Amino acid sequence: MSEQARLDLQRRQRLGMVEAIWGEHKTAAQIAPILVRLQASGEPALATRVDEAKAIAVAELLAADGATAALVPQLQHHPEARGLSLGDPLPPRPELGHVVVLSGGTSDLPVAAEAQLALHWHGIASELLLDVGVAGLHRLLNQLEGLRPAKVLIACAGMEGALPTVLAGLMPQPVIGVPVSVGYGVSAGGQAALHGMLASCAPGLAVVNIDNGYGAAMAALRILSSGAAAAS
Amino acid sequence: MSEQARLDLQRRQRLGMVEAIWGEHKTAAQIAPILVRLQASGEPALATRVDEAKAIAVAELLAADGATAALVPQLQHHPEARGLSLGDPLPPRPELGHVVVLSGGTSDLPVAAEAQLALHWHGIASELLLDVGVAGLHRLLNQLEGLRPAKVLIACAGMEGALPTVLAGLMPQPVIGVPVSVGYGVSAGGQAALHGMLASCAPGLAVVNIDNGYGAAMAALRILSSGAAAAS
Amino acid sequence: MSEQARLDLQRRQRLGMVEAIWGEHKTAAQIAPILVRLQASGEPALATRVDEAKAIAVAELLAADGATAALVPQLQHHPEARGLSLGDPLPPRPELGHVVVLSGGTSDLPVAAEAQLALHWHGIASELLLDVGVAGLHRLLNQLEGLRPAKVLIACAGMEGALPTVLAGLMPQPVIGVPVSVGYGVSAGGQAALHGMLASCAPGLAVVNIDNGYGAAMAALRILSSGAAAAS
Amino acid sequence: MSEQARLDLQRRQRLGMVEAIWGEHKTAAQIAPILVRLQASGEPALATRVDEAKAIAVAELLAADGATAALVPQLQHHPEARGLSLGDPLPPRPELGHVVVLSGGTSDLPVAAEAQLALHWHGIASELLLDVGVAGLHRLLNQLEGLRPAKVLIACAGMEGALPTVLAGLMPQPVIGVPVSVGYGVSAGGQAALHGMLASCAPGLAVVNIDNGYGAAMAALRILSSGAAAAS
Amino acid sequence: MSEQARLDLQRRQRLGMVEAIWGEHKTAAQIAPILVRLQASGEPALATRVDEAKAIAVAELLAADGATAALVPQLQHHPEARGLSLGDPLPPRPELGHVVVLSGGTSDLPVAAEAQLALHWHGIASELLLDVGVAGLHRLLNQLEGLRPAKVLIACAGMEGALPTVLAGLMPQPVIGVPVSVGYGVSAGGQAALHGMLASCAPGLAVVNIDNGYGAAMAALRILSSGAAAAS
Amino acid sequence: MSEQARLDLQRRQRLGMVEAIWGEHKTAAQIAPILVRLQASGEPALATRVDEAKAIAVAELLAADGATAALVPQLQHHPEARGLSLGDPLPPRPELGHVVVLSGGTSDLPVAAEAQLALHWHGIASELLLDVGVAGLHRLLNQLEGLRPAKVLIACAGMEGALPTVLAGLMPQPVIGVPVSVGYGVSAGGQAALHGMLASCAPGLAVVNIDNGYGAAMAALRILSSGAAAAS
Amino acid sequence: MSEQARLDLQRRQRLGMVEAIWGEHKTAAQIAPILVRLQASGEPALATRVDEAKAIAVAELLAADGATAALVPQLQHHPEARGLSLGDPLPPRPELGHVVVLSGGTSDLPVAAEAQLALHWHGIASELLLDVGVAGLHRLLNQLEGLRPAKVLIACAGMEGALPTVLAGLMPQPVIGVPVSVGYGVSAGGQAALHGMLASCAPGLAVVNIDNGYGAAMAALRILSSGAAAAS
Amino acid sequence: MSEQARLDLQRRQRLGMVEAIWGEHKTAAQIAPILVRLQASGEPALATRVDEAKAIAVAELLAADGATAALVPQLQHHPEARGLSLGDPLPPRPELGHVVVLSGGTSDLPVAAEAQLALHWHGIASELLLDVGVAGLHRLLNQLEGLRPAKVLIACAGMEGALPTVLAGLMPQPVIGVPVSVGYGVSAGGQAALHGMLASCAPGLAVVNIDNGYGAAMAALRILSSGAAAAS
């Protein structure tokens, strides 16, 4: 049972993405050595779903070991996005274009922030457009022009999740819907938003799992890279 | 087992509504005598969820019995609304105001028509506004002024069911959302639309069961009657 | 990521409702500035789903900032309704009539209280009728006369949620059913009550999301305002 | 694969019940020999969920075989209850008392009839009280005195299924709730009624599977037999 | 909002049961006065789903008020059954016969104990038969003779919940199945056990809500009282 | 779109199993050429979930084509198992031991027969033990000795699906539970049986999808082959 | 109720897509005039989910009306894709690159064909790669090189739906997963495949509703257009 | 209520398995005496789902009682597997062959460890193969040769749970899939993985309940014992 985690170090070469660590069900003692090994392999090292207590525990583990103590200053916790990184992101790739991340309400912020962090970690620029939920439609309609330059739109919404539907009916870009697990009653856990996005009457809306900001960012990265190949 | 159906003949006095017959799981042999007894009691006689074959079977049963054969000309099938009526509706009550019934798409028409028929049967005027789904938002935005005189809005939608949410964010009247069982995959059966309406971020949207055009009409009737009481 | 929340300040003019803050998934640091900005805009400032600890944290944040410290005395926590308000409600509008809020049992009280607080905040008077669950039917039957003057009835119930059905079979007014998430086993989370209300055999019962006392109040407000328009 | 069905011929001695054949997923070719064998063993032979076409097919199979042709006159189809019997029921046992079967609406009739047939087949008398759904409560309240002599109440209801709850809050006898699969939207298939009965706020309501009129009858038979033992 | 709980004090006369307080969602401040009022009305006072901390809080509230301090010695917490009582149970009624409560495993004990406490509170004697789950069938088969004198069998089981099915196939008495919310994966929350009991191939098994030991006891009480009436 | 189906002809070498055709969603025009190509490759050719009408259509297609008309006599429909085969099964492998397939009731027969056919097609002998459902437990207990020589037990059951649990508590062999989609209400579609088997309190019960007689047979084949390897 | 369908004729200008008619719940009498009006507006006219009988009925309606009889030769039914078109598709746009549509099995073909037809209707070229399900992994691994030139991959799969996950772990392009409603038991209706794709451990997999081949095509079109913009 | 737990001490003789204690819903006071009694009966004593705090509490209970204090040194907590044992496992049985336990990711480790501990406790050797999830397929493909000598493969996976499907398509041995409750959104609780494994397109994959590492080990033990019998 002492076997080491088997990392997928060829992932960047194969898919153009780093292997991020999904931190939610892992202990600090499991996360710390994976971060170190990723960095030692020349890969950008990022863990998602890491709260502040776990981030501190990772820092303490690195500090307690002579072989890794020097790495502590490179460890950075991103509280809003619940991310933990070691070292630097990939260099910026402005030629791929940028992404706009929209959110229906303030409560969707952690998911939007996770998407932005994941994009940043792969060198992709993004903007955040907060609080454009459809109950006050003018807030979104007033921003449409600002969305036109974006190559991909990521729309995060909880409750009934109608934002991506309305957005995809107004704008021609790829729209990735991210259901968010805020809500209560029938929307608790994000199922109503998920089903609303999948059932959307707007054509060509693509969806990822509830709260999966990271996945939305990677779907956007695939799209941007495909477009870049087209351009060359 | 030969007991006769126990009708709720005081319902109109108590609630201001006639007792409509829910025809879906009843045979023609069960529906025919109830219609006759309702009419004989001076009540408007209406059955919902009656398809054409069952309507014809009811007509044949009435025609075959000397005591009821004279009623056949008063029997009327409403194919779009799937309703079957015997005799006349209640007289018009224009002083209560009117209702607008909106639908997201053509496929929602049977449910919208059931709501209109039920309103008409209680003397309430209504208008239909078809095909104003949110995938082409301008279709709804162009109609808002026409909605202002209505006392109640009934919004029927299948798929993700976002129409009532967008509507309730734009207009101040009572909005009753009716989820419609059109769709496939996660929207099959109308569950996605139902959950989307219940989870709506728009404040004060009230909801009835899937496909329940009749119920939406009765909720509107309660509202109109309550307002009329206020006015007096 | 430092963008400010985008408030819907025209909501009262458009819909006749203030924009309440849904506090459940927001931090004190997010709630405090929104309350301040709402008040500064001349809007009644109300947050729902705020427990006592979060309310105290908001107070401390306001107190710690010179620009807002003077507002602390206007901050009020409503423990039973789990609401937090800054400043005064809208002035009373007795001409719109009043609402009766019924509850099946004592455990439904927080939801009933939320509905009453939301009505009060919009100037609407309400009465509470507690513990009229259908297992002891005489408790409700004894109160029917007292319900007649009300313009709208809001019925909160957990478990099997039969109260709104029985009520809507007895009284002609608009009845808004609010399923409550008390119960265990199949009624845990309020799903059994929600489905029972949607499937009701009583005609014209309208339903809102589980525990959505605020939404029921806003639906009632739409009805009262519509009736007022009728009266004028 | 030619093995004969393994009948549970000791069931009556062990449990006081005959082994009824659940006919829904069986072919006429499977049902016919089981009926014959049950009768040959001196057991009352009853199959449930047999529609008219299948009943005719069984009759034809019996008629076509010289060894069984003489049994055809003893074969009886009970269309309302969807039952098929061969030979006679058990003799009446009036000393056990009788059962009242209530139904919310006419559409619940097949389930109520199945319960009555199963009771009759075990020698138990029953009465049917039709159309006492809670949307017109006076219909039930007017009948309470007639229910007092019954030893067990079986209450069949679809839609929201509130009838057994209201009944069990009014009467002291054992109440067995039978959810019925009539309804649409959230009540389609009888799930809302089932959950409503299980979640009932009325104490001591016992429930059987959706549409399980036969099971309700057998639960009543267990109760009556247990009371008879008490009496001796 | 200061209205007092509306107690159902005629319940014992009407149904033969006391009104027990469901304590799970009530505060100590809500429970204490209800217990006092029930006792003052001459009713046995029992609350279910009260853990030790809440029981102590109730005791402290009673002690702190001069009018109720003298009642504290009559307050009794039943930890295994999670019940809190004030004063004495109803006197024993041995003429009604006794109940056996069976449990599949040790983890079902709290539910079984709740059933036993509720029976005891109504004067009914019961025995407990623990750990007779069907994975080791001989444990149950060895006990069958001891079950024969019981008038009612209550069978509590989590996981797949097969115990009541096997029991009802072996014994002729009324069997009440109580699904228990122990288990994980598909059996988490007791849904698998509930569905297994409802779908049982054993005839006449009646079921109550998950973890509803109190309801099973009240169903048994209805049966015992009905039998007693038969006997007289 | 005219591309030919891509067969997995190395499956037998890799896994020891032939590639059976899942016929349920395929047309006769799709099934016929795959059967022919499998046979031409020297593979035993078997399609599952083929009803009689589709089998006849396949025969007609083969007959209509000169290149395949000679194959028609080798085509065989297995009505109980709903299978369609072309040519011969694999030769018997008695050294691997045999399997017993048990069924709770007659309605489970098609699933049990599919398992037996699939075993036969791979050279494995099997016996069928019908109607040993747990409502009449003695029927199973009387057969235990006959089960001892079997290497694997496959237990098919609908309704509550308790048979595999009871069996796995009594016998030491590998037990594979197959939930069957017979039942109504909560057991409709086989979900209750599936969950009951997964939640089983009997240790080491393995489960396959609802109605998946073929899959159970293949799991048994894997076990038998693994044991044979052990024996050599 | 005679209002005409409100078409979204600006959709192509706004989103780059034509408005396809969702034909499943529409009658031939509703579909025919919409096709005619779309064509009259210069839009490519396409209806999805139209079976052969409905297609013939549309043709007959057009033929019966002198104003439209001349259009019949332009009407074309696409049986595999279940599509009905009037007139010509948009001209080819090879500069946008092409799409590969993969399917796990032959039963997924209708969904894959719908995606291909929708792409073709918008001028996009596509290839089909059939039967590359993961149970015989070599079939997919052998085709990877052929996938490299594609700009977008659409992967259709029923059952457990693992194909898009495996594909997205191997290839860097945008991958759109389409769950297909083939399967039985837990995979009936496509829910298992849908959840498997949303829960995928492969990063950046985007998903559309079950059987939504049209939606997958439109998501691909958005991506291709976005890349084209990048290229210019 | 003081009855002692009824242990199934003949289980090893009957089934070849010890009776493990499922510790999750039991208190330390319930677990301690069962462990002692098992050991006193000569049975290996093992409890599953025991966290460190409960293990310490058991140790303290044993230490506090003179009759059991001497046993404390034999008590061992297995933190990764969440197991608690008293005394020694059964002696090694290398002649039965060994098992390989695979896991998709590090988060699946507790379930894999529980399976290994349960095997070890019955004398079965096992190896762990960690982190071979299908998002980086080469990690699994590189290990296939090492899997050939194993008699049984146990594959643990959360998220979409595709690992057992891919594995069962590549290797001929018995494969037991164990869904793991790691994931979020649609995969929260392990339902997506469970359904994916049951719906698998790979033939002969057998499945146990979510997180049921113990059950998978017992299924493997049944297989190994059956093979051993074959060999003798």
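All chains are identified by letter, namely A, B, C, D, E, F, G and H, in their written order; residue positions are counted from 1 within each chain.
By definition in this document, a residue touches a chain if its C-beta (ideal position, glycine included) is under 8 Å from a C-beta of that chain, and two chains touch if they have at least 3 such contacts.
What you see is a predicted model, and the numbers here were worked out from it, not measured in a lab.
Trainee: Which other chains touch chain F while also touching chain G?
Mentor: Both chain F and chain G are touched by H, going by the contact rule given at the top.
Trainee: By CA centroid distance, what chain is farthest from chain C?
Mentor: When every chain centre is compared against chain C, the largest gap points to F.
Trainee: Could you work out which chain's C-alpha centre is the most distant one from the centre of chain G?
Mentor: Chain centre farthest from chain G's centre: E.
Trainee: Suppose each chain is reduced to the average of its Cα coordinates; what separation in Å results between chain E and chain F?
Mentor: 45
Trainee: Take the average of all CA coordinates in chain D, do the same for chain E, and state the distance between these two points in whole angstrom.
Mentor: Distance between chain centres, rounded to whole Å: 28 Å.
Trainee: In whole angstrom, what separates the CA-based centres of chain D and chain F?
Mentor: Roughly 35 Å, centre to centre.
Trainee: For chain A, which residues are shared contacts with two or more other chains?
Mentor: Residues 105, 135-136, 168-170, 185-187, 194, 198-200, 203, 209-210 of chain A touch two or more partner chains.
Trainee: For this entry, which pairs of chains touch?
Mentor: Contacting pairs: A-B, A-C, A-G, A-H, B-C, B-D, B-G, C-D, C-E, D-E, D-F, E-F, E-H, F-G, F-H, G-H.
Trainee: Show which residues of chain E lie in contact with chain D when the two form their complex.
Mentor: Against chain D, the touching part of chain E is residues 14-17, 20, 96-97, 151-152, 168-176, 194, 198-200, 203-210, 214-215, 217-231.
Trainee: Mind pulling up the chain C residues that touch chain D in the complex?
Mentor: Interface residues on chain C, with respect to chain D: 104-105, 133-137, 159-162, 165-166, 168-170, 183, 185-187, 191-203.
Trainee: Can you check the complex and tell me which residues of chain D touch chain F?
Mentor: 1, 3-8, 10-11, 19, 22, 24-26, 30, 34, 179, 181, 189-190, 194, 209-212
Trainee: Using the touch definition from the top, list the residues of chain C that touch chain E in their complex.
Mentor: Where chain C meets chain E, its residues are 80, 105-107, 109, 113, 116, 128-132, 135-136, 138-139, 182, 184-188.
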